[in-house]
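Got a structure here, written out as structure tokens. Questions coming.
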Amino acid sequence: MPSPVRPDRATAPETSHLAERFAAVRDLTLALAAPLSDADATVQSMADASPTKWHMAHTTWFFETFVLRDHVAGYALHDERFPFLFNSYYEAEGRRHARDRRGMVTRPSLDEVRAYRAHVDAALLDALPTLSEDAQALVALGCHHEEQHQELLVTDILHMFSENPLEPAMWPAARKIPVAMPGPIGWIERGSEIVEIGHDGEGFSFDCEGPRHAALLSPHAIADRTVTNGEWAVFIADGGYRDARHWLADGWAWVKAEGIVAPLYWEERDGESGSGWTRFGLDGRRAIDPAAPVTHVSFFEADAYASWAGARLPTEFEWEAAAASHDASGGNQMDVAGPVEPRPSPGGPAFFGDVWEWTGSAYRPYPKFAKVDGAVGEYNGKFMSSQFILRGGSCATPRGHVRASYRNFFYPHQRWQFTGVRLAKDI
Amino acid sequence: MPSPVRPDRATAPETSHLAERFAAVRDLTLALAAPLSDADATVQSMADASPTKWHMAHTTWFFETFVLRDHVAGYALHDERFPFLFNSYYEAEGRRHARDRRGMVTRPSLDEVRAYRAHVDAALLDALPTLSEDAQALVALGCHHEEQHQELLVTDILHMFSENPLEPAMWPAARKIPVAMPGPIGWIERGSEIVEIGHDGEGFSFDCEGPRHAALLSPHAIADRTVTNGEWAVFIADGGYRDARHWLADGWAWVKAEGIVAPLYWEERDGESGSGWTRFGLDGRRAIDPAAPVTHVSFFEADAYASWAGARLPTEFEWEAAAASHDASGGNQMDVAGPVEPRPSPGGPAFFGDVWEWTGSAYRPYPKFAKVDGAVGEYNGKFMSSQFILRGGSCATPRGHVRASYRNFFYPHQRWQFTGVRLAKDI
Amino acid sequence: MPSPVRPDRATAPETSHLAERFAAVRDLTLALAAPLSDADATVQSMADASPTKWHMAHTTWFFETFVLRDHVAGYALHDERFPFLFNSYYEAEGRRHARDRRGMVTRPSLDEVRAYRAHVDAALLDALPTLSEDAQALVALGCHHEEQHQELLVTDILHMFSENPLEPAMWPAARKIPVAMPGPIGWIERGSEIVEIGHDGEGFSFDCEGPRHAALLSPHAIADRTVTNGEWAVFIADGGYRDARHWLADGWAWVKAEGIVAPLYWEERDGESGSGWTRFGLDGRRAIDPAAPVTHVSFFEADAYASWAGARLPTEFEWEAAAASHDASGGNQMDVAGPVEPRPSPGGPAFFGDVWEWTGSAYRPYPKFAKVDGAVGEYNGKFMSSQFILRGGSCATPRGHVRASYRNFFYPHQRWQFTGVRLAKDI
Amino acid sequence: MPSPVRPDRATAPETSHLAERFAAVRDLTLALAAPLSDADATVQSMADASPTKWHMAHTTWFFETFVLRDHVAGYALHDERFPFLFNSYYEAEGRRHARDRRGMVTRPSLDEVRAYRAHVDAALLDALPTLSEDAQALVALGCHHEEQHQELLVTDILHMFSENPLEPAMWPAARKIPVAMPGPIGWIERGSEIVEIGHDGEGFSFDCEGPRHAALLSPHAIADRTVTNGEWAVFIADGGYRDARHWLADGWAWVKAEGIVAPLYWEERDGESGSGWTRFGLDGRRAIDPAAPVTHVSFFEADAYASWAGARLPTEFEWEAAAASHDASGGNQMDVAGPVEPRPSPGGPAFFGDVWEWTGSAYRPYPKFAKVDGAVGEYNGKFMSSQFILRGGSCATPRGHVRASYRNFFYPHQRWQFTGVRLAKDI
């Protein structure tokens, strides 16, 4: 999700309840940041991640710039210096603007950023009734944009806490409801078929989800659930990370260079029951749950696991065809601020929530995809090289955000998002 | 072409003239190396390239190992130490084996490598009549393998000479036959259609070319020729390398980090007629020919050019569908050792030779692709991440080597091969 | 000053007023940190620098470990997890402990670190009257140790603020008292002479300041003041940073690789009076004062300036011989928390305060120097390669900390301390 | 020895036998290169090393430029393109000139470089009788300069062969004459004393050897021989490379980052008699000789060994004072081309030959040292930072080249020269 701003192709704004939606989205961001100190919200733990404060301010800058500045006469910027700090859009113009120095901005403080949010929220809610349809569409876009940053905020802060030797918990652990171990994977078969892929234009979507177009599927089977932590521990115990035969060449080079032996945040601890593997999460370090979907694995790991298991990853079209009939708002997605994590599934095919599922499809444009002109659309297609598609949303995706046509994408070595694995097979 | 050995799926050996074919392939390699000194053949100019001597010995090791050692009773290795030096197959087991240290092997000398070749050639031709069908198939595979290395040998030595301030010419220039500037690009249109893609199993192919399968094309137009040097000079003059809007994000980062301003080997020289641009080639440094296809451009450059031109790159399926009816052995391909380079086309659609054409398709497996077991097939699919497909062969491809289904692949920043651009458009 | 802990050679503790001294030192650290937010005190801007919070906790850990834990029966650690976080002593035992990840420790918070300080202060003041002479000597050592960290705290926080595009001022600017431009440099001459160098054993010193020993001076002249900002601007205007002849080879490589054109924190701003040069300081960005000593220059720059000026840097022995008769507690040193910076000198030879002065002497041991055994002395000589000696203290050195024999040291490219230049000549 | 050209301070040329000396020096270079193929002489194995061909051509360029071009009317350059290739003097003007790309110059060939040498030799010998005294001094300087490159040639080619998995021997092994193990180190004591240090101006010297000046020694003892391979094996067996206490901080970081466990070229081989340690040398890989001086150790290793042994390295003044009364032309130095290596000493104090001895002195200028003006002297002092002094010459130093005042220098991590260790102690 390196390009957080991918504008709405649809021109129909969600006008009826736009104010309520705006308020709810803005409130969730505040709730997510509520447990954080000023310092927590300021530090940047790696170049791929941004500080919480930056997410909070950047999403605000989006509304301030594209709605208030451009569509509300007489609006004065809250602070003339903020666009320079919180604009991620245009080509960097110097070292201060560099993405990897966002953690140097101790000032403005977290409280000042909250004040910036409050100022923009009030101005926007005040202006909303009189906004043009175009401007209202931009408000709707800004809400989707902020939802993307909510997921990044959660995964970025998790990474930051993982770098603290004290391994602080962001929230207390949720109560665990015992769930039986999932049974063997069931396979959903499908023959050769032409299917319609991509967003159909009803409601909001990002531009890379379309145009909707026909695609030809080959006969295949797709798993009815994702791979679990328990299954992954078997892969590790079987030497999966030490056997080059399972790995793509680039993946094997990554494993050796980085000393990878397990998913991100896993550590083996003596005295743990079961496999001895623990994971770090938003509720601190705990034993892995063997019944829950494995997460924080890279594409390289996902592909190697599939190879070891005698399977492969699904294509994004196979995934979308299988998921299209399922409820995209179901499953384990984020409803409120709290210690989200993948959970054992109650059973039955599920395609949404828990973990983003790596597909075997490279992120490339659909037929007739075209870049949108202007600032909002400046960068829509620019990330379409060397990344792979993920589908289905995760436990950190705000419920309602994801669709069957939704295309997320990351580089094959990245794994700090809630990323997991669903298998597929040729038949 | 990072994986030079991709085994034959077909089991039917080309037995009738195998000895002649073997001799011809082996002779061409010697002819390509003929102008080189021992030092020329030893030096490695970058990690992506290998020394000529290494290519000569590695292709020989292939025949020695998989044919003579495995199928000829009583064969004794020419030198027990050579497998360690000239085996590219297995995971590196220490620093000496490292790909980027191949240029340290001043000994054995070029003459000793020639003697190694002669020894293996004699043994193989001696054994050929009595070889099993399987072993004969391996000989045929070895010939295709060596042809791949012939192209690498030419492009690697060109790169090596380009690093010498004296810019030595490998061969004298060929006589230039004046050719008129090509007219405007013509567009070959095609509607929505299901086509068969991949090798049909007649004759030799590499495993990644299959299985043959149906693919659905979208309505599109594909150019009837590749982009020329003259057109590229306009792109440069129009600021193409300085305008981030044309570039993929990874490509723009590459342009800035490496200071890219023109195709590889281009330099601006005062006093040159025309644009002032020169290129370095196997015949030394000369003015660019505006009518000839541009070459030594990366995928990033190809994609940026297409964006600037209001077009896009073809998919590999669009390319294959358009090329399938053309003669794969036609056009400007390599017949003999000499100063190969892309040449102005005599006119009419041409899909083979001159330059490998970047497609917009990532290198991924076809439906039902499966790795071959064992050493020869160990690594066939392992390069299927982060690389893009090129099609059509080049001026340095031995004539007869390439097919409509042939899939070459390189990383998007690589450009020391003879790589060029064909445009396409959605219609 | 990479090794902040260099233990007391002297065994005589400063017992009479130890409690007062301890309280004063501890209070100054709190006063220095007073303007900082939790976030300000947490962020680490480069590997060479540490967060304020780390300085505050590490100096506290020193007293807790070597005095309370080792010498006070029944003392319980304030927090069992803190030694792992705040011990800089022993060889790193894993990635979490890495010096360059100190900025990840958002928790404990600044208030929790203040509470840690209060706990240890109370325990130590309580135990002080009954401590053995050895333990009291460790308290005195801890005070000197903390003074070293006070200077690092100030220079590290200045660097951190310099990385924020908003360039926050730590304190309001002090009132500027107009001072006349200094006159030409006066030269203090000295013939061939044997002098006594090193600490004489009266009062506290660090081990590398001794043993006191004879040294032979050559005839030379040493400047009676340091080089000013105004003089440095002339060096820049004369092309000093663009002429390789003035520079050591390593320095020239550094200038080119880093794009160095002026002292650290200098930027040219249109509309500035005078030269147009500004500098960033603890009171924000302001025009340089041409009469004040230049600071934030590396050894490489100091050496190049001296070469350009037809002079050289003094040896550390020449400097110490010249400075020995001056009052080490005089000049512009740090008395209270505030916007310290080098100031124009009122005239007359001055050797202490304002800027640490680069000498031409490599940091190497004196004759008969021996490492101290045990934890406190573990690392005393380990930094004696590739660093250069600086003498005289700076505006950020707590008054009373420095001596004529005091040896500070940094790598030749480092310049985030208040470092400046005094010239010398052979005669 | 990074700056191979350090001009003659003395103006008195060695005129009487200059032609003979010139011829002898030039012949030794040819003899050293005689066993090499064109490829051997072309490859560059690391940025610190240069190809043999480059050494042969650069030393020739020196005579051609500073004697023939500047002092012989009508002399025409042998090849106008060679100064660009073989001039090491002036600041690099582009990537082609880069020191680390010297290995790309496969052409001119070794034979062409020999022809270049022959051309210049003939022209110079022809001109010699009529040359001015200044020009003759430059010829003498060129001979000293070439001797420096002879030692570099030998050590650089040894490094290049060490990178070939076949580990070729440059020459057959010399006959080994059994020598008894050396007895315990004897200590040469000396009290506090003023001594004269530096070259006295009689005969040739490089500028950094002077001016001669008084220096004050402290009471000390210096070993009467260097450390042996056998003693070094004990250091290894005692865990010397695994115990941070022995090491300078920079050295310990180097040991860990590079995985250093033994001197360069040492490898442990099963089945070897004695310690199992072998070394690679000009005669290939062989068991270490426990009685011979250890070599190919860095300053960091030398300092760690001394620390482990309860001693220290001598200062360069202590070394020079002890060596001044010994014959600088004695010991194991290079007389003819062949497999030089350190050899067991016949007994009695020896200060010259076998191995360059690391001192504890940083490379800094002597009092009143001044750079020489002009091209020949352009760079004399520019290497005087971060390097350490070595004294005494080695088995690869042409006999007659070294003096008691001779100052060699390398960075503390470098060890591909024949570098070893002599201990000293305070008394």
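Chains here go by letter, A, B, C and D, matching the order in which they are written, and residues are numbered from 1 within each.
Heads up, the rule we're going with is that contacts are C-beta pairs under 8 Å (C-beta built on N, C-alpha and C of every residue); 3 or more make two chains touch, one makes a residue touch a chain.
No experiment lies behind these values; they were computed from the predicted model shown.
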item	value
Touching chain A and also chain D, the following chains	B, C
Shared chain contacts [chain C and chain D, defined touch]	none
Between chain D and chain B, distance of the C-alpha-averaged centres to the nearest whole Å	46
For chain B paired with chain C, centre-to-centre distance based on mean C-alpha positions, whole Å	59
Separation of mean Cα positions, chain B and chain A [Å, integer]	38
Residue list for chain D, restricted to those that touch at least two other chains	none
Pairs of chains in contact (touch as defined earlier), listed by label	A-B, A-C, B-D, C-D
Touching residues on chain C, where the partner in the complex is chain D	2, 91, 192, 194, 213-216, 218, 220, 244-245, 247-252, 299-300, 303, 312, 360-362, 364-365, 367-368, 378-379, 381-386, 388, 412, 426
Chain A residues within the chain C interface of the complex	37-43, 45, 81, 84-85, 96-97, 101, 103-110, 160, 163-166, 168
